[in-house]
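Heads up, the next two complexes both have chain A, just with different partners, chain B and then chain C.
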Partner chain A sequence: MNPLISAALVALGLPAALALLLAVVPKLRRTGKPAALLSILGSLLALSAAGWLAATWLHDPKQVLDLTTSWLPQSGKSMSQVGVHLDGISVSMLLVVAIVASCVQLFSLGYLSDEPAPALGRYYAYQSLFLFSMNLLVLAPDLMQLFLGWELVGATSYLLIGFWFTRPAAGKAALKAFVVTKFADSGLILALITLVAWTGSFSWNATLPAGGAEWLALFLFIAVMGKSAQFPLHIWLPDAMQGPTPVSALLHAATMVAAGVYLIVRADPIFAAAPHVRLFMTDLGAITALFAALIAMVQTDIKKVLAYSTCSQLGYMISGLGAGSLMGGYFHLTTHAFFKALLFLAAGAVIHAVHSNELSDMGGLWRKLKFTTVAFVIGSLSLAGLPGLSGFYSKDLILEAVHESGNPLALGLLMATAGLTAFYMTRTVVKAFFGKPSHAAEHAHGPGPSMTIPLLILLVPAIGLGWLAGPMSKLYGRSYAFHLDTIGMVTIALGLGGIALGWLIYGMGLLQALPRAFAPIARIANGSTVDDLWALSYSKLGMGLARAIAWFDRYIIDGLMNFLGWLFMWSGQRVRTLQTGNVQDYLYAVFGAAALIALWGGWR
Partner chain B sequence: MNFHDLQPMALGVLLAAAAALVLLTDLFTKPSTKPNLGWLTFGLLSAVLVASFTLDLRGEVASHVWRGGAWPVFLARLFLVAGLITVLGGMDHIARKWTYRQGEFYTVLLLCLTGMVLLPGARDLVLLIVCFELMGIPLYILTAFAKTDSGPKPVEAALKLFLIGAGSTALTVFGAALLAGLAGTTDMSVLVSSTLSPLQGIGTMLLLAGLAFKIGVAPFHMWVPDTYEGAPTPVVAFLSVAPKVGGFATLVMVLWQALPRLIHVWGPVTLVLCALTLTVGNLGAIAQRNIKRLLAYSGVGQVGYVLLGLLSGREFGVAMMLFYLAAYVVTNLGVFLVAHAVAEAGDGETISSFDGLGRRSPWLAMSLLLFLLSLAGIPFVAGFWAKFFVFVAAWRAGQSEMVLVGALFATVALFYYLGVARAAYVNVSAKTEKIVVSRALAGAIIACLLAVVGLGAWPSPVVEAAMAAARSVSGIGP
Partner chain C sequence: MSHLLSIIIAAPFVAALLLLPCRSTDRLLMRWISLLGSLVSLTGSLIVAWRYDIKAGGLQMAELYPLVPSLGIDIRLAVDGWGVSLLLLTGIIITTGVLASWTLKDREKEFFALLLILVAGVFGVFVCQDLFVFFLFYEIAVLPMYLLIAIWGSSNKVADAGPFRFIWKLFDIGGREYAAMKLTLMLLVGSAFILVAVIALYQAAGAHTFDMGVLGAFKYDASLQKWIFPLVWLGFGTLAGVFPFHTWSPDGHASAPTAVSMLHAGVLMKLGAFGVIRIGMMMLPEGAHAWVWAVGLIAAINVLYGALSAMAQKDLKYIIAYSSVSHMGVVMLGAATLTQGGWNGAVYQMFAHGIMTGLFFALVGLVYERAHTREVGKMGGFAQAMPIVAAFFTLGCLSSLGLPGTAGFVAEFLVFAGAWSGPHLWWALPAVAGAFITAIYVLRVTRDVFWGPGPSEQFHDLLDARKTELGALWILGTCIVLFGLWPRLLLDYIDPATTQNLAMATQTAQLTPTPATAVAAQAPPPVAPPAATAAVAHAAAGGGR
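Take a look at the complex of A and B:
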């Protein structure tokens, strides 16, 4: 076997084996620390395999390697291929997942040090399972295996969000994430159905009937809206912050929510033939970006700021992919994975220090947590799009693409978002790390080495990945050289303006009228309007319909039946009938319906 | 005709012989050894299942009246699996509650299975109806088995099934009589002549109405919740799967085999009934508090999906319908047996009786969860492929709207299925003691569990078998 394929199988199989081991050997799992170290070792080995693969592919980006076996054989030919598919796209994603997963697993060791040993073991079993599921998704040779990974990732995320299952809010959030993404997943199932009905296989390169690509792309995009938290299906993501913070870094920033974007990248041949869906993506992505950024401005919980910011950045990626820039969307996925994981882990270090998510319990933390402050600030600057840092390059690519696609509305929304992003991140940085220290902040303690090392590792790509955009672009089969034009300069100006405004308001206490103007946004955000709308349409409407049917059944049908009953009773009064509930009514229904369809039969 | 000519229908003959054997054994058994009757039945059924693999079951009996081949064999195996799991899961309950009547129970069950196994091969209307009634009448007896229990519910359940069943049989026979009278023959292969008369349409519809009762298609479903609630759970488990398989096999024979030329009559009606069944079943289940009533409505909803496969028709649709039924048999038996285990422990039959099951009996709760996920069509358990394949068949047949409706109701169904799972895993209960499950019942649940997971991981063998079975029925080729 090709050693490269073996490396991919290690990255795929090792986490699976570890998850299985921890699941079936409770003794090992309940030891806690050793189980954790085993899982971390597994993720590091997967990381080295992924690193070697990525190095090989950077050297020779055009290589494609497959090792597949047929699944679901049907009438001689096979519907689905399972195995590993290695090309520039899957290899780069594999590396991103491996880096972030290793950092998060290492970080969790310090973050969850207070957990009892059995819970820690359980956590690492879930982590290994997640790494396997994600790699299964990434290495998928066709849509069916991708779906398999997609569902496993969803199920694992349910377990991880609900990790603290004794908290009712965590259980509720986990259920919500499950139901919302499940609802969206019907799109993916529809896509699988139509794909196999039309082409007989699950390959995304198959030739589709005329107009088929639009339907297929639409179905796929519905699933993406759920997984990648696009408006109005984004509602589960902020609630998912009930999980441990490293989980948020891994699932809700770097990998799982990016799976939707990855799906679009993989199914590029389908989306390329669907201009209408692409236009919809561009617009919806831009709307999500702005909407989430507006809500992020008024959040008081540091994780919720980052959660809405993730929604917003995913909107960027979707918009860029909609504008036809595979490079822009995918590269932003990559840079965002690193700087957002960095931000979440730094936020985790802060939460660990002050035992609270609330920004008001922080403040002035830079004195106690110097390194964490540096990490968080650099992550924020990268997110805000400061030139030279990785986020700037990927965001610039997307804006250029949206500009070139001739969509001024989406471009305007995204540019506004760029300014807002800089503003709300400055607000967060100032509130958490500068200003007057709160009571809790004065007793804050710094993170240990297992928490600082991951931050240090993630700092490298968060700063420098932008410079690698050229070689990375070859992995996606594109080419790229950076050049600064008007759009880029306006974005820089907006970013700097946002930072300056944020500093003026929250750092120096000027222009206090402005934050008060955000009050309506806060009302919308905290009143969870979108959630209410969903609750109304989803449960109330469903229940309403059920009640309406019950009412119809009780009054109209029963009324009709009673009339018929009276009719029959009247004619056959002498006949004593068996009084068993209302079985007569049932019989009338059976004979009535039979008579009705018999009439139809005779007429036809 | 000598005995050898009956070889294609050997499974039916063997089952009838088994029924006689169990009845005779019962006569000469002391009450203390009667519990062994369950194992005897189990062994006999296993032997018949083995025979279905070793005997040559191809060919015809009495010129065209009964035909063997892959189609009746596939269905026979489904019936036998359902029978085996029911006997295994129910034998302790039966032995405890009806110690002196066990022989009757198993004899009647075996006779019911005889009718089922003979049903799919029938190529003659009269034989078809005889087989159908041989399947149906024992079911009336089985549902009435708990007549000595306190309260009116068991009697009510059986009586409702019987009364409506009798009415439906009248419809079936009347419809069949019209068709046979017009054609001048009862041979199903020449039932429809070149000249179509309105009476043929009426006959077809009456036949359809009568069959729709047995499989619980709305609006012929009203007996289902009442009967399920009142009848003994092991019987309900069997009732909820096997007769449905039989009903659908009959529908394929009647609609696709005998009356394909009348598709303009029965096609639209079946489509409307399918949509109605999906709606009534899935919405009806939402508000239920009794687990058996919930499963009754859920079963009605499931029938909607099977109907969709039937409608999509021809070879692929019918094959996918068969696969759906196979997945449904093991899943639904599993979920009823878990409910039975919980009820046996004295915890009642409401959904809240599952509270805290995840902590009390983790394995039982895990099985319940997997069965519920399979019913809901979540990847990757048997039920997912079942829904998936039926949807693919429907899409290929141009029923894309019905696929969307079906997918929508699959999401609705998630609510009530997860509601039960939620009770088991999220709700807390004052009770903490483990639920004691007898060995035989545990074995039956594990068998269902293995089948559900196995079909989820590797559906191909059963899919292939279903394709072969559908292909072997002449007249439904593409």
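Take a look at the complex of A and C:
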């Protein structure tokens, strides 16, 4: 077997084997730390495999390798294949996932050090399962395997959000996340069955009937809206922050939520032939970006700020892909994965230090957590699109693409969002790290090495990945040349303006009228409105219908059965009275009948 | 002539006979006899799967014992790929069922004897190729249920609020005697329909044999087929939980003791679906063709109706029981598509749902035994006291909602795809919606029962699974994952058998002759997915062999 394929199989199989091992050997799982170290070792091995693959592909980006076997036979033929598909796109994603996953697993060791051993073992079993599922998705040779991974990451997300299952809020959030994304996944199921009905396979390269691509793209995009938290299906993502912070970093910021974007990149042949759906994507992405950024401005929970920021950035990616820039969308996925993971892990270090998510419990933390402050500030600047940092380059690509696609509305929304992003991140940075220290912040303790090393590793791509846009574009099979035009300049200005404004308001205490003016806008846009609508439709419509059906079943359908039974019993009772036991009665009947027969005979 | 199949059928029966001389104090001995009887059948089923020649396909390992030669009744046994899968399912469920009732403490001798006799009937149905004996086995499988529920069952204590409460009192709804009587009567009415159909088929063929091969090859008059098919459909369909004749199922499964719920929901309901396909669709192709619109429509109703009803239930066992009604709808829907994918999916769903619901009922019985209540609203935080039960319950839920990597996904997906490429596209939509609704209620139940802060004072004797129960859970859980990750383990058996059986079901059907497309040909068809063409193509291919 080709050693490259073997490496991919290691990245896929090792986490699977470890997850299985931890699941079926409770003794090992309940040891806690050893189980954790085993899982971390697995992720590091997967990382080295992915690193080797990426290095090979940087050398020869055009290479394509496949190893597949029949998974679903139908009519004696293979309807679906499973295996690994290696090309520039899958290999680069594999590396991103492996890096972030390894960092997160290492970070968790410190972050969850207070957990009891069995819980820690369970956590790492989930983590290994997630890595396997995500790699299954990334390496998919066709849409079917992608769907398998897609649903499995959804399930691990459910398990990890509900990791602290004794907390009612975690249970609620886990359930909500699964149900909302499952609802959207119906679109993917429709896409799959349509694809197989038309082409007999699940390949995204299959020739489609005229106009078919639009339908398929629409079905696929419904699923993307759920997984990648696009308006109005974004409602699960902020709640998902109930999970441990490293989980939020890995699943709900860097990798799993980006799976929707990855799906669009993979199914590019389908989306390329669906201009209407792409226009919809551009607009919806831009709306989501602005909407989520507005909400992020008023959040008081540091994780919620980052969660809405993730929604907003996913909006950028979707918008860019809609505008036809695979390079922009996919590159932003990559840079975002690193700087958002960095932000979340830094936030995790803060939460670990002050034992609270609330920004009001923080403040002035830079004195106690110097390195964490540096990491968070650099992550924020990268997110805000400061020139030179990685976020700037990918965001610029998207804005250019949207501009070129001739969609001034979406462009305007996205540029406004760029300013808002800089503003709300400045607000967060100032509130958490500067200003007057809160009581909790004075007793904060710095993170240990297992938490600082991942931050250090993630700092590198968060700063410098933008400079590698050229080589990355070759992996994606696209061209890239950096040039700064008016759009870029204006965006930079907006970003700097947002930072300055944020500093003026929250750092220096000036212009206090402005946040008060923002408040109503944000309140209107606040997540709870959309949430309430969904909740209402579930509790009133869904449960109402269910109760009505259950009532109908018990009293009408079953009532008829019971009535039938009762009818037989009742008529039995009545007929029984004919049998009196008196010989006279029977003789009356006999002679009466005989007389009637005789009468009838005579009449004939 | 190998005797493998007769051994599989006879083993539980012999075990039941061996139980008779046992003293009622020989508790362990009786359990071991039952377990060994089940294990012999399970091992036999595994050997059948091993020996079955997939490449050759068709009916294999045939056995023939004359029974009533003057009427042409013989015990004819043989298996095809479907039979192999369903034998395995039955073997797994009875073995785990015995393990799950290891701690039963009331008249074990009678309980296990009835259970084993019942399962012998089930094995018989799946491999029998003689219509009369088929019916005989079917009745053997159905009748012991009355005693099993009425004697060892439990009564529902979750009262229904509202102005109609008096109806519950009036009929003793939820009571075990009520449930047992209702189940038996409804299934017996179904049997009466089937008996009429059996005799009609025998008479009309005029071949003086009940050999299903001969009867199946006979071309019945189209008008005869059109009125016999509904008899078969409703007769067997009652056991498959077909709306509106499903109401025995929630009450019956809720009241039945653990192993009986496992067997009944896990295997017996499949007899119904199997009967509709085997007798109805394969022997009466034109009748089936005239009626599939109704079969599919009702099945679509089943899926949604069962799922929504489950959503509103407050009793743990009722939730699972209604979910069976919903999932059996998927089986019937797949059957009604008359496509390769739909039938593959239907048979796969029989297997997957059997395992999954077996697991569910084992777990629910376990929880009930420890919590002494079935009311979901009172429970909460059980995961801390019984983590293993919680883990397996979660696995069952994930399979129930059709998560990839579990057996439930393969089955449901095949049915969706089959419906979408069949003549009635829209059938796929309620099926997909049903999977989504299932996600809501099963995950909500998991949360309500197992998650949340620790269990209240009321639940002081919550205990995690014992050794034998653990064995049952592991077997079922492993099957769910194994057949979910590697569907070819079963599909390699099912798919060729489907091709052949489907050929019987479509041989005389007057399908519109459109050019074969989709899976059969490489050229993509115009926008709309092709109608029944795929089925025709397979039929032609299968018939040629």
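One rule holds for everything that comes next: the second predicted complex is superposed on the first by the 532 of 604 C-alpha atoms of A that agree within 3 Å, B and C clash if a C-alpha of one lies under 4 Å from a C-alpha of the other, contacts with A are read in each partner's own complex, and residues count from 1 in each chain.
Simple rule for what comes next: a residue touches a chain if its C-beta (ideal position, glycine included) is under 8 Å from a C-beta of that chain, and two chains touch if they have at least 3 such contacts.
What you are looking at is a predicted structure, and each value in this text was computed from that prediction instead of being measured.
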| item | value |
| --- | --- |
| Partner chain(s) touched by A:Gly171 [first = chain B, second = chain C, both, neither] | both |
| Partner chain in contact with A:Thr428 - chain B first, chain C second, else both or neither | neither |
| Which of chain B and chain C A:Leu192 touches, first, second, both or neither | both |
| Chain C versus chain B, contacts on chain A by residue | C |
| Chain B versus chain C as contact partner of A:Trp600, first or second or both or neither | first |
| Contacts of A:Glu151 with chain B and chain C, given as first, second, both or neither | both |
| Chain B versus chain C as contact partner of A:Leu208, first or second or both or neither | second |
| Touched partner set for A:Ala589, first chain B, second chain C, both or neither | first |
| Doubly contacted chain A residues - partners chain C and chain B | 71-75, 147-148, 151, 171, 175, 179, 182-183, 186, 189-190, 192-194, 196-197, 542-543, 545-546, 549-550 |
| Residues of chain A touching chain C in the complex | 26, 70-77, 79, 147-148, 151-152, 155, 158-159, 162, 165-168, 170-172, 174-175, 178-179, 182-183, 186, 189-190, 192-194, 196-200, 206-212, 542-543, 545-547, 549-551, 553-555, 557-562, 565-566 |
| Partner chain B, residues of chain A touching it in the complex | 71-75, 147-148, 151, 171, 175, 179, 182-183, 186, 189-190, 192-194, 196-197, 542-543, 545-546, 549-550, 578, 580-581, 583, 585-587, 589-591, 593-594, 597-598, 600-604 |
| Touching residues on chain C, where the partner in the complex is chain A | 160, 164, 167, 171, 173, 182, 185-186, 243-244, 247, 305, 308-309, 311-313, 340-341, 344, 381, 383-384, 388, 394, 398, 401, 403-405, 409-410, 413-414, 416-417, 420-421, 428, 432-433, 435-436, 439-440, 443-444, 447, 450-454, 486-488, 491-492, 495-496, 499, 518-519, 522, 524-527, 529-530, 538, 541 |
| Chain A-facing residues of chain B, complex | 155-156, 159-160, 163-164, 167-168, 171, 198-199, 201-206, 208-210, 213, 219-220, 222-223, 226, 264-266, 268-269, 279-280, 283-284, 286-287, 378-380, 388, 391-392, 395-396, 403-404, 407-408, 410-412, 414-415, 418, 422, 426, 459-460, 463-464, 467 |
